[in-house]
């Protein structure tokens, strides 16, 4: 069971990532291994041609996976991204983006997971992201959960 | 629907990757997006301490994903790996390895997918691999299927 | 020898990536295998704590490597990023960022290279990025140069 | 300055990676940030068509980067690979392989670097590898050196 609810995570996000809050990101699902977030696409995410920019996809996966980790660790955590690998597969359109994250490992010092990003209503993903977060010593008073 | 059956893929593997055949790799499941393979661990895959070597995990994911692509394209294909990203998460033990592959994109020139590897019976993965294969022009006479 | 000069690339950038132009990115060096760019850090790139955001580093590497490819191919090219792998190694400070790109392969259909990012004056890199671009058929009328 | 010489590293390798020793890997250069190794290609590394297998390239980069880290930390270290990203760029031929490693970060808990692999005498690389090693607490009695 996560130790933070979606509402608590959104309060945390408001404070730590004000851009995410104003961007309208919402958490649609959360459990102890997965998260689903939604991001309405706005003008500032677009590139010429009406496609969503790569850095926006990176940002969505990074924030979404951070929320998934925080949900398990609680708000004391100070995890930082150490590695991010993204495959851009299809040009995302200017509709809402759906991101589904999966926690593959939550260890004492490293968390690993992946994130798949779609345009809402599409069956084929626009991008797939794998990430590693470094978890500072002391932020997990309990044994690794996965 | 795949255009090759597991049995046909194994015949192809025998010819192209004789090491895979002699290693006892088996296909346990195959459909148009996923594959599950099993590799019995033998002495030559082990490192001091009884753990399976990293290159063995890389090899398993690479061969398994290649089979998944071939199953969709048929035996004429000559796909080659262009990118492989692996996260080693837990030391694999010297029991059978299970690999589950997922096709995220099968385009005209690139195929992208991921592969998760477990020890048989474990719920937490030992490694996660993301791969891109380059598909030579002409090897897909039909439109991209995904 | 590159087929576009830094000044020509900046004109192209103005048109295609207006954000890059207004961000004040400059090309400090360019040859047939390497590029060095400089990005003055501004408020909008910062995260709480005064550090430059991850997506800004991704964006810098992506634009910088794109310029390096364009310089060899000319302005007709329409390369798109297919894979990007970034290691965040040290928190970048709010001073100018220096990015050094290196072309490892410029083939008929794929270009591969890496990018190292520093704070100006520092000897240890903040981030290292490896990227693959897909080059559409027909955009290179000449044989692969590397 | 490294704390282990190439000869001391080779003794260590003999003991820990007997395959590497019998494969004839040699260290041609070593300093506090870089290493160059040579691997004579033998029958068992080859794939049909006379090309060196992908797992062999992965193995070469992994062992070579491990030696580079050990050279700085001394033989007490127990670093393990956590992430490896490889771009296969040209088919390697069945001649000696040269690998050049570069330490980008040697921190308290993570080491990051890259490795470029050539056929001896060629100017264009066959593969480029980026790796992260996890360094267990206590294995570095001194402050991070980079």
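Letters A, B, C and D mark the chains in the order given here, with residues in each chain numbered from 1 onward.
Here is the rule we use: contacts are C-beta pairs under 8 Å (C-beta built on N, C-alpha and C of every residue); 3 or more make two chains touch, one makes a residue touch a chain.
The structure presented is a predicted model; accordingly, all values stated were derived computationally and were not measured.
Engineer: Taking each chain's centre as the mean of its CA atoms, which one is most distant from subunit B?
Structural biologist: Looking at centroid distances, C is the chain farthest away.
Engineer: When the centre of a chain is set as the mean of its C-alpha atoms, what distance in Å lies between subunit B and subunit C?
Structural biologist: Computed from C-alpha means, the inter-chain centre distance equals 33 Å.
Engineer: Where the CA atoms of subunit A average out and where those of subunit B average out, how many Å apart are those spots?
Structural biologist: 27
Engineer: Take the average of all CA coordinates in subunit B, do the same for subunit D, and state the distance between these two points in whole angstrom.
Structural biologist: From the centre of subunit B to the centre of subunit D is 25 Å.
Engineer: At least two partner chains per residue is the criterion; list those residues in subunit B.
Structural biologist: 82-83, 85, 87, 89, 132
Engineer: By the document's touch definition, which label belongs to this structure's chain graph: line, ring, star, complete, or other?
Structural biologist: Per interface graph, the chains form a complete graph.
Engineer: Along subunit A, where are the residues that touch subunit B in the complex?
Structural biologist: Where subunit A meets subunit B, its residues are 85, 87, 89-90, 104-105, 107, 112, 114, 116, 124-125, 128, 130, 132, 146.
Engineer: Show which residues of subunit C lie in contact with subunit B when the two form their complex.
Structural biologist: Counting only subunit C, the residues touching subunit B are 82-83, 85, 109-110, 132, 134, 137.
Engineer: Within their complex, state which residues of subunit C touch subunit A.
Structural biologist: 16, 48, 53-56, 58-59, 62, 80-89
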